[in-house]
Structures are given as structure tokens and as C-alpha cells.
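Shared between the two complexes below is subunit A, which pairs with subunit B and subunit C, respectively.
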Partner chain A sequence: MVEAEAMGLIALGAGLAVGLTGLGAGIGEQSIGAAAIGAMAEDPKFFGKGLLMTVIPESIVIFGLVVALILLFVF
Partner chain B sequence: MLKPEKMTRVVVVGTSDALDQTIENLHKLNLLHIIDYDEEEAGFKIGKPGSMASKFSEHLVTLRSIENQLGSEEEAGFDKKISAKELPSQIESTLSELEEEVLKQHNLMRSIETELKQKQDIEDTIKPLASLPLSLEDYTGYQSIKVFVGFIDSNIEDAIKAETSQYELYTGEIEGKKTIAVAVVKEKEDEINKILQNDSTYVEIRPPELTGNPQAALEEMAAAKAELTEKLTNAESELVRLKQEYAEFMLASEEYLTIETQKSEAPLRFATSDHAFVVDGWVPINKYDDFEKTIEGGAGNVYASKLEDEEVKDAPISLDNPKAVKPFELLVDTFATPKYKEIDPSLILFITFPLFYGFMLGDTGYGVLLIFLSWTIMSKVKSGGLHELAIILLYSAFSTIIFGIIYGEFFGAPLFNMVHHGAVETGILGIYGPHIGALQLPVHRFASVELLLVLVFGIGIIHVTLGLLLGIRNVAIEHGFKHAVTEKLCWLMILFGGIMAIVTAMPAILGGGVLNTHDPVFASGIVFGIIGIILLVKGEGVIAIMEIPTLLSNIFSYARLLAIGLSSAGIALAVNTICRDVLFSQGGVFIVIGILVLIFGHTINLLLGIIGPGLHSLRLQYVEFFTKFYEGGGTKYDPFGFIRKYTEE
Partner chain C sequence: MCGLFKTPAYAYITARVRARKRKLIPKETYPKLLNMQLPEIIRFIEESEYKKDVDELSAKFKSIDLLEHALSRSLGASYRKLMDISRGEVNYLITEYMRRWDVWNIKTVLRGKYYGASEEEILNCVVSAGELHYPELELMVKKESIGDVIASLEHTPYYPVLTNYEGGMLNKIEDELDSLSYTRLLDAVGGSPGEKFFLKFIKTEIDIKNLKMLFRLKKAGVEREHVQNILITGGLELKESDLTRLSGLSFPELVHSLDGYSYWRSISDVVSDKMTTLMDVDTKLDAHLMNYASQISHYYPLSILPVLDYVLSKKIEVDNLRVIARGKELKLADEIIRSHLVM
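And now, the complex of A and B:
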């Protein structure tokens, strides 16, 4: 019983880790993405830089993902 | 390979009388990337365009406007090339004729459309009148009577009766709306008008000045409209016919005129004096001998010479890769064109892009489908970006199949027999996976998350390290070795110092044990990292410390290799489970539903499987890998010339 409860909490924690970081990255990326597309519309050469800037907030999801994977499979 | 094609700076000098022939030769060679002259030198001016330049561009504008009106699109090409010698006379005569014809048809269509609109308007007003028992001439042309017509919902006869007894009222109904016509004596016009205007449901109709029965008028309009529509269709098909008839001519003359405009405007890029001209540019070094021979042999007093000691920093970039690697130049160019002295990473993409793609998708079934898909695209689209993307997809599909065998997956179902919770699950092939070295296939993705997680971080470390090594090379060549140490090598030291420290400390952290700070690996890792940080601060200032965590997130980012794969395999497994355990087991109609779910689910998953792994594999290249060494910003090699498709000389 205690075991099952612990498993449930781990699953919840993993879900929160990915879900919340996903939300955060989404909020961060929306304005950067809009600006990057604007810049690209003016000069397609901005593609490389624009992409780099846009995915910067994404690293937070990756951290969340790693935390979730470790929670689920390593613990 | 790995480096752009070697270029040499070239100057072509000649006397004015040889100018035209030299332009002709340069254009035919299609080798010289011209550097536009900007009037820096005293005594030299920008050349004047050829005498025919304005004529050619005028024709070109006319032709393009015709093409616009006809909606011509580029066709796959036709078998017979048109001789460029015969074209000029044809263009002179045919172009104006064609323009006139197209304009005529267009004007005709405009006028027919206007007329149609008018008829439509009249029809719209007559339609409600057809519900009333009056002729069209009954509404207007009185001296002592005023007729009001309109739509109305409420009953206003009482209100009118209260005002005057000299009235006549007709009502009708059309399409659920009530119509009304009130004829009153002229003296009461204002009062009745007020009553009608005060009624919120009243909408006035202005009867057209026509005669006869409205029903008959309606039929007349319909007939007139049908006739006009037919005329319009005729004019449209005439335009289509013109387009078909002149398609070849238009494609060929556009090409011819583009070429001639290029040639006659070329002097605008040259430096000229009263009696001589100078052209400055770049030529691929291994084609220089041909270039010199053709230019000097082709016309009187013209000389070409190499400027050996010229700074090659600004040389235009022509990527130089084997045929198999060529498609990946598209991915490199999308990010940025490399600089002349930079590494061209196409070859590395050729290896790592399909590798990452296959690692993520990893399913034999999807792999086979992707081979068919890319093969179809390649045979339909013969050239251009889409064709190259299809080739990249083909490579990725093969890699997907190989990883599919390693993971033992076929549309999410097991390929090999597997022992799962003590029970044997029979795979598609019905055999146990083979041993390859110490590796027992299949490496099932859900069962080996820990192993794969370590593996993807390993891949990440190798990939980032490769990027930093290339970075050291690029910086060392451009700015010297000292800069390479403080800009790139320090990152490598931080990376490996960090890895050494974390790997030795990890068991203690996870297990809750005591960290052994005297462990030589841990200690040297820390020292290594600190030296790296000192070098970094020396090279890029204190603020660069802020950047250190990105190194960690770069490596963690490779976890997506596993994550995307797990989600794709998870969806496939879910679809299979729904079909097999929930639907197929019930029999009857559920088997049909099951098959539909199976097809739908796997199609969606395959689409996601093309987009997801493709984008993420590319992102790992662009964001994690390219940032370590790649700057870009080179100019693309764009030689003066044209590859003829529709014409021949």
C-alpha cells in the first residue's frame, strides 16, 4: 500500500516536472518566436539566429524531462 | 569536402572594342563571380549598359505582365529546345501581337463582368416586384400619384387609412418576406412616407425604369445573363488556348530575354575608362586555366590574371561535396552560408542527421514506409529543395530500419520474441533476437531507459566535443591559437572537468553517501574545470560565467533523442493495444473498426514521426552542434552566366 502510494507520488512528480516546465517554456518561447519570425520576414538570413534564440527557453523542459525520466526509471 | 571550393581572385582587363565579345565569353563560361565596381578608383567609371539593354528589359516587362495575366507557371520543360538565333525576330513580332490579344480578351472579360453585374442588380430589384400584381411601368411616371414599394412585416393599412382614403394597397410575399406597394395621391406623399419610415421593418425598393410583366422581365434577365456567362467562358477558354499555344514561346523568350538583359547590363558592374575596361571577380582555382584560355583566346586585346596574394577572406562560397552529401548542403545553407575559411559541416550532417533521426524513430515498419514515401517524392519532383529533402529522408529511412532492428520494433509490435515478466511474448518473426557481440537484440526501448539515457548523454558529449574541436580549428585559423584556447578549448576543459566531477560524485549523491573529495578523478576534474573557467574569464570576461550552465543544458538536450523515440513507440504501442485487446477480441463489426483505428493511428504516428525526429534531429545540429564552431555569413558563389533550359545557341 505504502509502495503504491509512493509510486503514485513519483508519477505525479514526473508529470508536474514535464508539464509545468512545458508551460514555462511555452510562455517564454511565444514572444521570442513571434519576434524571430518578424525578423525573418524582413531578412531570411536571421533564420539561424532566430532559431537559436527561440529554443533558449526550451532547455528548461529538457531539465524537466530529465528529472521525470530519472524519477520514473532510476528511483 | 569539409571545406568550400578554393577560389582565386581574378582581374580581366581589355580594350573597349573587345568588351562585347568578352561579355559573351564570360557569360558562356558561367565561372566568374563578379565583384561590382563601385567607382573607388580615379579615372575609372561604371560602364554603360549595352545599346539594346532598355529594349530587352522593356520586352521582358511586357512578357512577364502577359505571363501574369495568363497565369503561366513553369512547366517541367519540353523536349525541343528553341534556337536562340531565331528568337529575336519572333519576339519582335509575336510579343506585341500576343500582348494585344491578351489585353483584348482581358478587356472583353472585364466588360462582360460589368454587364453581368448590372443585370444581376436589376434582377435583384425586380424579384420582389414579381410577387405584386402590377406591371413594371405601373410604379413610375405619374403626375398626381406616388407609389411606395418595399418589404414590410407589420400591417400599416390602418395607419394609411387614417391619413387618407385615396389610396390603393397591394401586398405579396416572396421567400418568406412580405412585400407591399402603396399608391397614394401626391398631396399625401410626405405623410405616408413618414408612416413608412417610422416602421422599423420597412425596407424601400427602387423600381427600375422598365416596362412589362416583372415575371417576363425576370426571364429576360436570366436569358441575358446566360448569354453573357457563355461569352465569359469563351473568353476564358480563349485565354487558356493562348496560354497553351504560346507556352513554349513564352518560356523560351523569357529565358532569352533574361540572358540578354544580363549580358547587356553587365558593363554596369565593370570599371571602364574611355578605351579600356576592367572586371574584378572570383573563379574556382581549378578552373582558372580554362577560364584564362577562353577569355584571352576569344577576343582581341583581353588579358586575365590571378591575384595570388589577395586576401581570400571575402571569397564567394561554393560548397564542394561528393554527390551523396550534396543534399545536406541545403540544411547548412538554411542556417547560414559558411565563411571561406570555415569548416563546411555538410559531411558531418550526412552522418549525424540520419543517425539521430533513426535513433529517434527506430521502427522497421515506419522505415519501409518512409523509403516508399521518399522514393515517390524523388520520382515526382526532379529538382529543387523538395527533391533534396526527399533524399535526406531516404537516408534517414534506412537508418530508421537499422535502429528498428536494434529496438526490435515493427509498427510498435515486437519483431523478435521477448521474455516479459517471465512470459514469452512472440514477435513478428517468431525468433529470438541475435547476439551481436555482447549485445543481445532487441534492446527494447521501454525496458532499457536507464541504459539509453546514459547512451544519449554519451552521444551528446561526443557531438558537442566534436563541435568544440572544430571550433578550435576555426578560431585557430582565423585568429590564432591563443584565441582558440580562451574561446573554445576552455569550454572543452570545463566540459570534461565537469563530467569527471559529476560522474564520480553521482553515486554518492544518489545513494546518500559521503562524497569522497580525495578521489583523484573528482579532484582533477574540479581542477580541470577551474582552469577552464579561468581561461574563459580571461578570454571573454566575467559575464561569460553566466554561459556555463548552457553547457549542461546542451548535453541534457540530447535526452530528446530518447524522449521523442519513447513517445513515438508509445503511441504505436497504444494503437496496437487498443486494436488487439479491446476491439479485435470482440469480433464482428469491431474488427473493421479495429482495422480503421490501426490505419488511422499509425498514419498519424508516421506523420508525427516525420516531423518530430526531423525537426529535433535538425535542432540538435543547429543549436547544440553549430553554435560550437559555426559562424557563417559568407557570400554564395553566383557566377555570371545562366544555365539554359529552354533555348540553345
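And now, the complex of A and C:
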């Protein structure tokens, strides 16, 4: 029973790790994406840089995913 | 939380205006333009960001007139684009700031009608950059009399002021229209950190407009009562009491009483009580305003301030190109043209 509760909490933690980092990345990306689209609208040469800048906040989701995987498979 | 949803709108428009500002002619290019002859200047402008406007107007105008109209058209199109690509709060602020062009156009049409100018002549002088679009301005110009023009503006915020027109000279309602555009703008600005600087800028702009008028009117020896009616209240440093005091002074007294204001640093080297031309003062005051807008545009990158910086820089670029082209046409010395450039 105790083990099942612990597993549940680990799963909840893993979910939060991915979910909250996804939310944070989304909040960060909304402005970066809008600015990138604005810059590209004026000069299409900004496409590469704009895309790169937009996906930078995605790295935080990867950290979240790593934490989730550690929670699920190491503990 | 509300700011979270406003941020992308500001991020989009500020990225666009910063990219647009990069395309403006850098100030290092103006000395090169001064070394060119008029045909070369026209060719330079034809090959720049103004190409589309020059091409579209080339069948209708030639030489310097083509240049003038292309510059005005580009200015109007740039400002309209800003209104079209923005939304929400930033769009509201830009629209309110651009009302000055509505006022400009209404004044142009009324003056044109007053002096009996042709429809084409009036339309050549309007800049469709405000809330009134070109087709609406065309309809206005087609009206027979000043009364009809005023009646056609019934749905606009300018109508209550325009109904005060009782015939004769237009200067009274023109001054009231100017005041109205600034009053509306001051009321429209909110309390966010970026908007606080925007408000400060507008108040500085009012001060500079008042200073320019004070210099002109006092140089012409106009009496206090008339001066006071023309000045706009709501400035940053020139409060109502300052305006009352300054408008009662003679020109030499006015010059000597300005050293207590921050604007004095910008104009002190060109102002004296024996000065003959006021062009240098206007240029210095415009440069002060441009530098101030440029300086504050970096304070809050996701606000109206970078947009304001672009709006002002674009206007100054158009004015500078016009000064160079007209100066070259009139064969003025390079030094004189240079002194009238806002840099």
C-alpha cells in the first residue's frame, strides 16, 4: 500500500516536472515567437535566427523530461 | 497576468519597428547626399526604400515634385502599416498618436477650401496616416464648401470642435483641433512603466511645440492675449503659469528667461536676442525631441517607446531628405542645408 502511494507520488512529480516546464517554455516562447515572426515579416533572412531563438526555451522542457525519467526509472 | 497576454503584441510590433528602423537612412549618409547633385539625390532615393512610391507616382509627377510626393506617400503608408499590423493596447496608442495627421488633413482640406484650391491640389497635400483613410479624405475634398466638409466629419471626434466655426479665418478652430489631439492623447495613455515615459515624451513634445510658437509669435511682436490662446497646456516643464509669464515677455526677455529650463542646453548655442532666423531653433528642438525618443526607446523594449522612436525617426528622415532636395534645387550652400538637417 505504502509502495503504491510512493509510486503515485513519483508519477505525479514526473507529470509536474514535464507539465510545468512545458507551461514555462510556452510562456517564454509566446513573446519570442511573436518577435521572430515580426522580424521575419520585415526580412525573411531572419528565419533561421528566429527559429533558433524560438526553440531555445524548449531546453527547459528537456530538463523537465530528464527529471521525470529519473523519477520514473531511477527511484 | 494581463501583462502576460499583452507582451506578445508588443514583442511583434517592436520587432517589426526595430527592423524598419534599421532600413532608415543612417545619419552618416546625409553628408554624402550633400555632396551629390539633385539628379543623383533623386536617383539615390529612387533606389532606396522609397522605390515603390517613386515608381507609382512617376507617371504623375517629375523631378523634385515626384520626390516630395513619394516621400509624403511613403510616410503615410509607413504609419498606416503600423496601425494595420498592431492590435489591442498598442494599436490604440498608435491610433491616438496618429490623430495629429487627421488634424493635419482636416486643416489642409479646410484651408484648401477657404482659399479656393482645386481638388487635386488639396489631395496632393494630404498625408493619409491617421484614422481618416484616403477614400474618406477624397470624399471630404469633393465637398463644395467648408460647411459641407465639417458636416461630413460628423462621425469623428473632431466634429464638436469644428461646429464652433462661425465663418471667416480658420486659425481659431485649427488651434482647437491641435489642442484636442493632444488632450485625447494625454487621456489615452495608461500607467504602465513604458507608458509613463510615453506620457513624458508627449508632454515634452507639447513644450517644444509651445516653445517654437513662443519664439515665432514673440519675434513677430504678438500680444500676450493672442499668444496665450494659441499655446497648448499640459506640457512637462512649461506649466500654465510659465506659459502665462513667457507670453507676456518681449523677445529678448523670452530668450533670457529660458535658461532655467532643460531645453536651454539644446538651443543655447543658436539663440540670441538679435537672431534673425528661427530655423536653427526649430532644428535644435526637433533634434532634442528625436534624441529623447531614441534614448527612452531602450528603457522598456516591450512597450510603445520603440514604436514612438521609429515614428519620429521616419518623419525626420522624410523632412531631412526634403530639406536636402529642396536646398539643392534652390542651389543653397551645403552649410546652410546642413544646418537645417535634424541629426
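Note that the second predicted complex is superposed on the first by the 75 of 75 C-alpha atoms of A that agree within 3 Å, B and C clash if a C-alpha of one lies under 4 Å from a C-alpha of the other, contacts with A are read in each partner's own complex, and residues count from 1 in each chain.
Everything below uses one rule, namely that contacts are C-beta pairs under 8 Å (C-beta built on N, C-alpha and C of every residue); 3 or more make two chains touch, one makes a residue touch a chain.
All values reported here derive from a predicted model rather than from experimental measurement.
Enquirer: Per the contact definition in the header, classify A:Q30: touching subunit B only (first), subunit C only (second), both, or neither.
Expert: second
Enquirer: After superposition on the shared chain, which partner residues are touched by A:L52: those of subunit B (first), subunit C (second), both, or neither?
Expert: In the superposition, A:L52 touches subunit B alone.
Enquirer: For A:A41, is the partner it touches subunit B (first), subunit C (second), both, or none of the two (neither)?
Expert: After superposition on chain A, A:A41 lies in contact with subunit C alone.
Enquirer: Classify the contacts of A:I62 with the two partner chains as first (subunit B alone), second (subunit C alone), both, or neither.
Expert: In the superposition, A:I62 contacts subunit B only.
Enquirer: Can you check the complex and tell me which residues of subunit A touch subunit C?
Expert: 27, 30-39, 41-43, 46
Enquirer: Which residues of subunit A touch subunit B in their complex?
Expert: Subunit A reaches subunit B through residues 45, 47-48, 51-52, 55, 59, 62-63, 65-66, 69-70, 72-74.
Enquirer: Considering the complex alone, what residue numbers of subunit C touch subunit A?
Expert: By the definition above, subunit C touches subunit A via 4, 7-9, 11-16, 18-20, 23, 85, 302.
Enquirer: Under the stated contact criterion, what part of subunit B meets subunit A in this complex?
Expert: 334-336, 449-450, 453, 510, 550, 553, 556-557, 559-560, 562-563, 619, 622-623, 626-627, 632
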